[in-house]
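The following blocks contain the structures, represented as structure tokens.
Shared between the two complexes below is subunit A, which pairs with subunit B and subunit C, respectively.
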Partner chain A sequence: MNTTIMLFLLQDGITNGAIYALLGLALVLVFAVTRVILIPQGEFVTFGALSYAMLATGQVPGTAKLAVAMGVVAFGLDLFDARRSLRLKGILRAVAVNIILPVAILALTYGLAGPTTSVAVNIVLSLLIVAAIGLFLYRIAFQPLAHTSVLVLLIASVGCHLALQGLGLVFFGAEGLRGPALSNTALTIGPLRFTGQSLAVYGLTIAFIVALWLFFGFTLTGKALRATAVNRLGARLVGIRTTLSGQIAFLLASLIGAISGILIVPITTLYYDTGFLIGLKGFIAAIIGGLVSYPLTAVAALLVGSVEAFSSFYASNFKEVIVFTLILPVLVLRSLAAPEVEEEKD
Partner chain B sequence: MNQRTPLIIFAALMAAIPFIPGIPPFWIVLLNNIGLAALVAMGLVLLTGVGGLTSFGQAAFCGFGAYTTAVLTTAYGVSPWLTLPLSLLVSGIAAVLLGIITVRLSGHYLPLGTIAWGIGLFYLFSKLEFLGRNDGISGIPPLSIGSLRMLDPGSIYFAIWIAVLVSALLTMNLLDSRTGRAIRALRRGHIAGEAFGVQTPRAKLLVFVYAAVLAGLSGWLYAHFQRAANPTPFGAHAGIEYLFIAVVGGAGYVWGAVLGAGIVVILKEILQSYLPYIFGGQSQLETIVFGILLVVLLQLAPTGVWPWLMSRLPIKPNRRTPDASLPLATPVRGQASSAVLLQIEKARKQFGGVIAVNDVSFDVKAREIVALIGPNGAGKSTTFNLVTGVLTTTGGTISVLGHKVDNAPPQEVVKLGVARTFQHVKLVPDMTVLENVAIGAHLRGSAGAISSMFRLDRADEAKLLAEAARQIERVGLADQMDQLAGSLSLGQQRIVEIARALCVDPLLLLLDEPAAGLRHMEKQRLAALLRQLRDGGMSVLLVEHDMGFVMDLADRIVVLDFGTKIAEGTPAEIKTNPDVIKAYLGAAA
Partner chain C sequence: MSALLSVSDAHVSYGKVEAVRSVSLEVADDEIVTIIGANGAGKTTLLNAIMGVLPLKGATAFAGADMTPLDIEDRVAAGLSLVPEHRELFGTMNVEDNLQLGAFRIPKATAAKSFERVYALFPRLKERRKQLAGTLSGGEQQMLAMGRALMGTPKLLMLDEPSLGLAPIIVADIFRTIGELRAAGVSVLLVEQNAQAALQIADRAYVMELGEFILSGSAKDIAANQRVAASYLGFQHEGASGI
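Right after this comes the complex of A and B.
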């Protein structure tokens, strides 16, 4: 192998790795705040990517309707929870968040969608749709389970993944889709050609890492979110609204997922079930980062991307096997480094 | 009602079904699928519901079982019956290798690890040349007995359901035994079990391998039922579905696995036939309903359908009362005549910059009740944890009967005759008082998993339960023996912990706040019991905040404050010690 091939593989690995890093960050974020291991993160990716791709062809994606449906369910749950103390203000807020917001997004999508709609508008619309889905997903599936163990949350998370993936098949069909590139500029350094797309991937990843690190390390809201994860009751006693923390986390995670999706859909064809595998690779990075460290997760994601790129060159058949086996030595190291603690009660 | 009766009725029912005239063959196929899924789910019940180890990767072990027989029967012409033990062995070995890595992982790392290797193995199955890649292996010979070749679903039906029933029986036997109690204690954390000699990692590995072998059996049957094996049924989604089955049925119950398999397989069939009419022609739509149902179920009925069903039945299984006259041999230990039982010299424990125990020295002699007192955060419980091996010391030495035990694991400390209770009660709430107390006698029994499964452990088991019953009577809880430990008041649960510790037949009893939550009369009874134990030759070291209780009972008192020993002496000396008064009440103004 010569240096050029190696550089190409490395570039490929880093581009993919940056996407995994974004997803890994979102997973760490959600876990740190809600203790949910967010398997449906992959669905946020596909929903974002395929909604964008569909909008680019001028169609209204089914995800916009899903957001309305989920909003209605969330509204029902809100009313049911507040049935003993119904106040007009509370109801109005619930209507605004759960009904008006998704309906407005749907109306906006119908109004703006068309074959000539600009890339920027399509991106904004897809992000809005997926963000609403993320918000309602927390409200419907996880908020009622917020007090339970990590394992129960994990199983619920798998349930959400199954449901959303099935819905993805309904909305987008079994055929893969590709979206238009964000920009057609390109930069050539030596033998390597950097497309505007890959530069956007790098830039956004770095921006998110820095932003999340600053947010959680240095702002009061960020610290409040972290406190929620460690001790819900304690956080509530000092006045942190724990349900709001969860909603913020899911909102951010779905946004990050959708952005990652939009970033990769011009590079590779995505299918309704691609997100699961992409998300899991983000997971491997997140696990290497111990589900707590943002910088470590980012570095690990680059490693995962590079291993994937090199193994697809040398042993393309066993690419996935190699990537998923990578996790085992990591888990061993993790369990050696951190001696077993008393498991939580359920 | 005898415990075996429902099983026999169920077996007879299942045996009769194929002979119902006019039963559609398709129903038999469904029942076969239910049986195959139930086998895997049964392993998950033991692993996840009982042992607390969540695995999303069980489908991969089915793959090991199925591919082993597929390769051996097609490529080498080995008889299917010969490949059965080999299939189980391959699944078991795979489980040992993966288990050594995975079961040590705590909390959420474990299920994540299982997802990862589950997917990795799926891709391995679908890429390996000798496993036929994505197409798999076809033309697997059917099972046959003499001239009967099990070609149609109706004949292999019996093989599948015999496997299910036998596995259920063996699993229930295993759970109702010395090893079973150790497994059932796993979910509540490892500290309590280890304090009584349970080798937690070994118990975890055992359930992991057991679950994998059941999955391997299911895979072996599947290969000979379908007469083909390809990677799809052994992928990540299948693994998730098995966990789903266990949760639906009731993850803590062996029959929940069978019920859950029934519900899910039939539901899936119905959904697959009707959903396309709603959504129009697409496949795999049942996953949407499955996913939503799983979330709804976790929110509304997290324990599953089986316990709900059982609580509605009018018949309750009767419990056997142990014969309390059976003797249990006293454990053989080193010289018990030494005057100093426990010697602590300059024991030190640092957590980062915090010195929890600061060069503390004291001893406990034979036939003596020593109280360890001090304000909250004084390091009393940490001292207990150092003595019992839950924590390792940063410095100093701790010895029991002359054996150094600082840094020995808890299982070794209890062998020397040191038994303890916990400040925060560590009982298994869904086990009876008797079963909880019997964990204390873990080291005094010897029956292993295999002998338990085949009921060869009954003599050993009866003695253990008899000892547990005697200790429960001794602490005065005979009436509560068959109640679930979780249903007792906190004070009574502390007394149950004492009974469990007494089952060790200890030389030294460590009690962490035994009188907390007790009423006045109960405290007096406890004091009387402890005096009686001391007069019988046992030593007691207790942490307690109730000064009246301590001053009345203790022969000697050691006072800790901020990790440092500030006084030691008889109750009368301690009461007037100015340092102790200062520590508790502050300096006089």
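Right after this comes the complex of A and C.
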């Protein structure tokens, strides 16, 4: 193998790895705060990417309507939960978050969508739509189950994944879409050519990692989220609403998923079900990081990306097999090294 | 004397087992009240139910308002705070962060004052403010748990076995601090197995046995009660043959 090919593969691997890193971080975040293993993370990727691609063609994606529908269900649940102590302030808040917010996003999408809409506006619209879906997904599917075991949450998570994937097929069709690039500039260093797109991938990944670090290390809300992850009862006893923590975690995860999708969709054609596979690779990185360590997850994601790049060069048929096989030695080592983990009691 | 906390005819069950039966109690402003009793009498269960961690059947009112529809977080915001038996600290976060989160429900400006107050009560915490909570000694963890609860400027602090597993000298320290809280305008509901120490600082006391209150009265009277002395204080009065 010559050096140039190796550099190319490495560059490719790191670009993909950066995306997996973002997704892996989101998985760790959600698991830490809510104990949910977020299988539908991949759907956030697909929804973000394909909403963006559809907006680029001037159409309004079905996801915007899905957000409104989910908001209505969430509103019903909020009212039902508060039925014994209905207060005007609470109702107004529920209306604002569950009804006005998604309707405003839908109206904004209808108002702004068109063939000449700028890339930046389309990105913001896609992010808003997917963020709303993420928020309501937690409210509808996971908040009522917050006290149950990790296994129950995992099963709910698989259910959400299947439902959202089916909806993806309805909204975007079976054909794949590709979106416009964020930037057409390119930079050449030696034999390597960095497109504006891959630079955006690196830049955003680093920016997100730094932003998450600042958020969790230095803001009261970030600390409250960490506290919820460390000790749920302790967090409740100081007055932190664990449901709010869960909503923030899902909001962040869906935003990160959608951003990843928007970053990939100009590079590869995405189908309604592609997100799952991409999310799964982020999941492998998160597993290598033990579902707790952010830095380990980020490093593992770069490893997953590189292994994928090299295996697609040497044995492209076995690309996925090789990548997913990575998880086996890690699980074996972890189960040997780690003390028995007791299922958290509630 | 208005009641800050009043609980009447409270029942708490784990499934079919009733751990607390028909308990009524009151805590007034600036009062230290203790519940003493043996292991398994239902003291911890009762405190957790008052806090909202466990479902309670019966009437509970705090500062004049019905607490039944409130969840834990709302009760915290209303000024009720529990230092649980297992302390439930944020072990992988440092002392300062733990305290800061204790002030989660109060305005930032008040939080700065809370820091001063808590550090004045527990100077040891100030020395250790950058240390992770999980690496503190047992006594320091208890101080941190109390400090965290006090950060939110509660009206009533409920303490569950603050002396559990601590060296006698630290227990004395902690009890002295509890006594000082009254001066700071905080009422205390104290659950203790160490009846002797608890009765010394308390104004009133309830004695709990098998999920029920069997005695109540001023701490002095309870301490002088022969049956209590025999069962909980570990010594027999002369001629203590019956109640």
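Quick note on the criterion: the second predicted complex is superposed on the first by the 337 of 346 C-alpha atoms of A that agree within 3 Å, B and C clash if a C-alpha of one lies under 4 Å from a C-alpha of the other, contacts with A are read in each partner's own complex, and residues count from 1 in each chain.
Convention: a contact is a pair of C-beta atoms (placed from the backbone, for glycine too) under 8 Å apart; a residue touches a chain by one contact, two chains touch by 3 or more.
Worth saying up front: this structure is predicted, and the values here are computed from it rather than measured.
Of the two partner chains placed by superposition, A:L86 touches none, neither subunit B nor subunit C. When the two complexes are overlaid, the chain among subunit B and subunit C that reaches more residues of subunit A is B. Once chain A of one complex is fitted onto chain A of the other, the partner contacts of A:G239 are limited to subunit C, with no touch recorded for subunit B.
Applying the stated contact rule after C-alpha superposition, one finds that A:I189 touches neither subunit B nor subunit C.
When the shared chain is aligned, no partner comes close enough to touch A:A120: not subunit B, not subunit C.
Looking at the shared chain after the overlay, A:I37 reaches subunit B, while subunit C stays out of its contact range. Of the two partner chains placed around the shared chain by superposition, subunit C is the only one that A:A224 touches, whereas subunit B remains out of contact. Looking at subunit A, you'll find no residue that touches subunit B in one structure and subunit C in the other. Partner subunit C is touched in their complex by these residues of subunit A: 84-85, 220, 223-224, 226-227, 230-231, 233-241. Residues 51, 53, 69, 72-73, 76-77, 81-82, 84, 88-93, 97, 100-102, 104-105, 148-149, 151-152 of subunit C are the ones that touch subunit A when the two sit in their complex.
Chain contact summary for the complex, subunit B toward subunit A: residues 52, 54, 56, 101-102, 104-109, 111-113, 115-117, 119-120, 123-124, 127, 187-191, 236-237, 240, 243-244, 247, 279, 282, 284-295, 298-299, 302.
Every residue of subunit A that touches subunit B in the complex is listed here, in rising order: 37, 140-141, 144-145, 148, 150-152, 154-156, 158-167, 169-170, 173-174, 276-277, 280, 283-284, 287, 291, 317-318, 320-321, 324-325, 327-328, 331-332, 334-335, 340-346.
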